[in-house]
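Reading through the structure tokens given below for one structure.
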Amino acid sequence: MNEQAEKLTRNHSPELDAILGQSFPVLDDGFIRVVDYMGTDASIVQAARVSYGRGTKKRHEDRGLIRYLIRHHHTTPFEMCEIKLHVRVPMDTWRQWIRHRTANVNEYSTRYSVAINAMYSTAPDEWRVQATSNRQGSEGFLDHDTGRELSQKEKEFHQLSRKLYEERLERGVAREQARKDLPLCTYTEAYWKIDLHNLLNFLRLRMEGHAQYEIRQYATIIGREIVSRWVPLTWEAFQDYIFNSHTFSELEGQIIRALTLGDKEQARALADREGWLKYKDGKLRFHIERFEFEQKLQTLGIEFPW
Amino acid sequence: MNEQAEKLTRNHSPELDAILGQSFPVLDDGFIRVVDYMGTDASIVQAARVSYGRGTKKRHEDRGLIRYLIRHHHTTPFEMCEIKLHVRVPMDTWRQWIRHRTANVNEYSTRYSVAINAMYSTAPDEWRVQATSNRQGSEGFLDHDTGRELSQKEKEFHQLSRKLYEERLERGVAREQARKDLPLCTYTEAYWKIDLHNLLNFLRLRMEGHAQYEIRQYATIIGREIVSRWVPLTWEAFQDYIFNSHTFSELEGQIIRALTLGDKEQARALADREGWLKYKDGKLRFHIERFEFEQKLQTLGIEFPW
Amino acid sequence: MNEQAEKLTRNHSPELDAILGQSFPVLDDGFIRVVDYMGTDASIVQAARVSYGRGTKKRHEDRGLIRYLIRHHHTTPFEMCEIKLHVRVPMDTWRQWIRHRTANVNEYSTRYSVAINAMYSTAPDEWRVQATSNRQGSEGFLDHDTGRELSQKEKEFHQLSRKLYEERLERGVAREQARKDLPLCTYTEAYWKIDLHNLLNFLRLRMEGHAQYEIRQYATIIGREIVSRWVPLTWEAFQDYIFNSHTFSELEGQIIRALTLGDKEQARALADREGWLKYKDGKLRFHIERFEFEQKLQTLGIEFPW
Amino acid sequence: MNEQAEKLTRNHSPELDAILGQSFPVLDDGFIRVVDYMGTDASIVQAARVSYGRGTKKRHEDRGLIRYLIRHHHTTPFEMCEIKLHVRVPMDTWRQWIRHRTANVNEYSTRYSVAINAMYSTAPDEWRVQATSNRQGSEGFLDHDTGRELSQKEKEFHQLSRKLYEERLERGVAREQARKDLPLCTYTEAYWKIDLHNLLNFLRLRMEGHAQYEIRQYATIIGREIVSRWVPLTWEAFQDYIFNSHTFSELEGQIIRALTLGDKEQARALADREGWLKYKDGKLRFHIERFEFEQKLQTLGIEFPW
């Protein structure tokens, strides 16, 4: 590494520079802005190559190297990039967000300042129905009339809760106590800084279909609008090898193999041995591991062998 | 280290075992319970001594060693102890709690289950007044009549918000969405697991006078009822050398020195040179660094030299 | 969660208790011992269920729940278990080990004490040949005669380096400086404490074929002898869904689908579109992404479509 | 926070930009270079102020705010700054360095590449004597003649160890194994990235007199040459309120108070009550807590009251 004499300037991404400070709207009153960042795809390559020492620089082409690193869980070079976002987000979404512990955070303080006068509201057509298949999800929407009624009540409740909050402040109640009955969907703001490796983890979990709708909107903006501009090679490799990848257990791998041999009987025998193919009244009984495997087959467009 | 042949049993603390699972009430409907733990004062000593190798075991007495480690910020041996608590706490207090990132957490899910039907209520004499000296604190209480009125309104609001929540559930709204307007003071529950080093950091910050009243109640129970039983030598050293310690800046140290020489003039000269002693209309003007130094002197019972 | 009244005792694993303190030998003079631990499979289940609140306890069977958690990257319940090991390991292996940052460590200090008088020696048949396919690996062994010569020289060098070290100490050189020329393979000892989630990450990376031989020996002992006894359900799920799983990129998934349809032409077309099937002099040229995909097919016993 | 419309450019520090990439020599063949960074003093102020919301921007002057944050352990705003260094350092120094876990690291790989051909050598006048007062330190130097002899032997040993290493490589031994007998003082290189809060912790511990000489040289360069340019206000506050601060235990505070009252008898009584003043043959016996308090008094220039 004979770079020690060279004069440097900071790596920068012209595409990201072009949107620095720009607000991407999310939900009805939220946003995401990039405030600062450090590193680019080139910084990842540079960090990976410190391992190889002199003379090996021409060996790998950048894109190939980044794909290799992603594929092999060589995560440390991605930690060399950092991004700092300014976000405005409902507190109940923030509660999920903040569970990602490997980030740096400064949040708007409702001890120090009066709470932001904005709550996340639901349009009549946006009331989601409790999922039955998945205890922690939703599926479909309530009918418009019910939705309108719920939205109207929500609006009244928001006004009432703000009034209660402001009354307390007027009476002299400390802000740290007056806030206690604000709704969970009150907007807050924060600076959130995270390295790229941990950001990709966040995106993998929060862009995914099981993540709650609200946080998925934020994650999707971060991925598609921000990471894609900032580190395009990493973003492509992340999609190919992580986000859109397919993982099969040991058993599932064996079933797949049987299918490539056209041996559906063998595939069924493997599944049956694990108790996946119990019938009741002529119908296959629900088995969660089989069910999730079927979902993977469906995504791939492969027919079930049973 | 010739222990490798010995048969072991886990270190345990009889005093902590005696209260394992027992619920310590906090606030009006919260609690803290120790669910599990690992290590004792002896584990700290053992970890510290791995550094010294064979033959040095008799050198230090345990209490002296633990005090030495605390004094010198040798924090790694304290990481060898872990504790797992089951807590019930209002969500807005939990928001502060969860900012300590070096812990392991599993929280009650209001996506998966119906929210706990309990909110943190304020008694008429517990409404705190906004502090003027400290923008993010409180001082004193509102009068009883105002308090009674506020408590009555709080009660009605809690009933209303629960009704709204339950109506939504009845209409079929997904739990993850129905919860959005619950008050911040709705109780949640969690398992919270942390190592002793990071727990002491939590206690240093949250038992302290500037921490919000509610989290201070939790921190104080953890310190006085739990840590004191679990690792009594560490608890004593923590109080002596951290929690009740006094820290002076370089300048403050010089002023203290002048005071021990009885040289108040020199003390004033040192302060003046930093701009601490500006007068206006014959009165000392507020200077935050001087003010905080005065608070430290006051705690120690030392008279101000100006 | 109405457990708050119940009296508890710590969860424990009789199978792990039976080997507590017992030394598992590794390499020529290393070992691993379990010194302490916290939690069991039951603690993971308990932590996961705090999410579900009351009444849902009978819903899932423990094994199924643990497999579900592993499959869906619900990692936090696994953080509720901790294990503390006492290890003796060559310093160059320890250099790799310590790169896993999410652990607690106390290491033998060669500033404080005389360095352990043991170095990792290589038997004549254990000299590994530099791999050509993989720049950072090894493949096969040197012939016995060369090995004997190298082992003899190694032995002499170890004696010489220890002599140099001890001479320095006799002359009065500070231990912290005298140690500077000890070989990297000098044994050290440490307490290493880590939660189960992070331990599984360590095992996934270090039990794997690309990890260096030495650390793989340690990881394998930890997995097969320790984790398997401590949390048998987790160990099984880890093997099925993580360690022995197969992950395919988006493209690879499409090729697999073509193979299950018996459509090799489509499989080749997909690969060709990515530039995987360039020929030179009638032979397929090396392409690392195709090569790694072929390795996965080979593991599964699926024939290449080209 | 009405900044969401504004167009941004990244905060930068002209003083740090001026030395970006420049190599600061350390020890006989080591160096430190700043490769990249993110944030400045202004970013800390900005992050702190997100707490205060709109309208409070003029309230605090930047220097005052940074000093306040440092004084009150409000550490999160300092996490908003990151720095990435390229360092060349002996492996045994790196072993201490890497123990700071809250950093991102990519190190030169001696599995992948031939080890750097440089070892840290000791000049004849630099052989340090083992301290007697402090088991893990050094004090003073060996005489020149002994030093010359030791340096000569060190040189020969370095040549021998390199020869052994290269012989192995020539015989075809895998790099990952051939390296096992390199001396601990072999130079390595790494990128090391850390946020400012954690960097200040590193500096507090490693610039301090008890840190080993070698790592102290690196830490001092980082502090005085790099941090001082990068975030001058933070550097000043760090020195005043952390690095050069004085911390007294509860008891020590009481003794200080007695001294400011000129009451040495009371000071002695307080010390005696703790067992600090045991005499043997007319001489004060060693007591480590008294001894360390005396050191603090000495630093301050305060006479002992006994």
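Letters are used for the chains, namely A, B, C and D, taken in the order the chains are written, and counting of residues starts over at 1 for each.
We adopt the following convention: contacts are C-beta pairs under 8 Å (C-beta built on N, C-alpha and C of every residue); 3 or more make two chains touch, one makes a residue touch a chain.
Since we're looking at a predicted model, the values are computed, not measured.
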Co-neighbours of chain B and chain A - touch as defined: C, D
Reference chain B; chain at largest CA-centroid distance: C
Averaged-CA centre spacing for the pair chain D and chain A, given as whole angstrom: 37
Chain C-chain D separation of Cα centroids, rounded to whole Å: 32
Averaged-CA centre spacing for the pair chain C and chain A, given as whole angstrom: 28
Contacts with 2+ other chains: residues of chain A: 52, 105, 109, 112, 135
Parts of chain B lying in touch with chain C, wherever the complex brings them together: 1, 3-12, 17, 20-23, 31, 33, 35-39, 43, 46-48, 50-54, 56, 76-77, 79-80, 82, 84, 86, 88, 104-109, 112-114, 116, 189-191, 193, 195
Sites on chain A touched by chain C in the complex: 52, 64, 67-68, 71-73, 135, 205, 210, 239-241, 244-254, 256-257, 259-260, 262, 288-289, 292, 300-302
For the chain A and chain B complex, residues of the former touching the latter: 90-92, 95, 98-99, 101-102, 105, 109, 111-112, 119-120, 122, 127-131, 135-138, 142, 146, 150, 153-154, 157-158, 160-161, 164, 167-169, 171-177, 179-186, 212
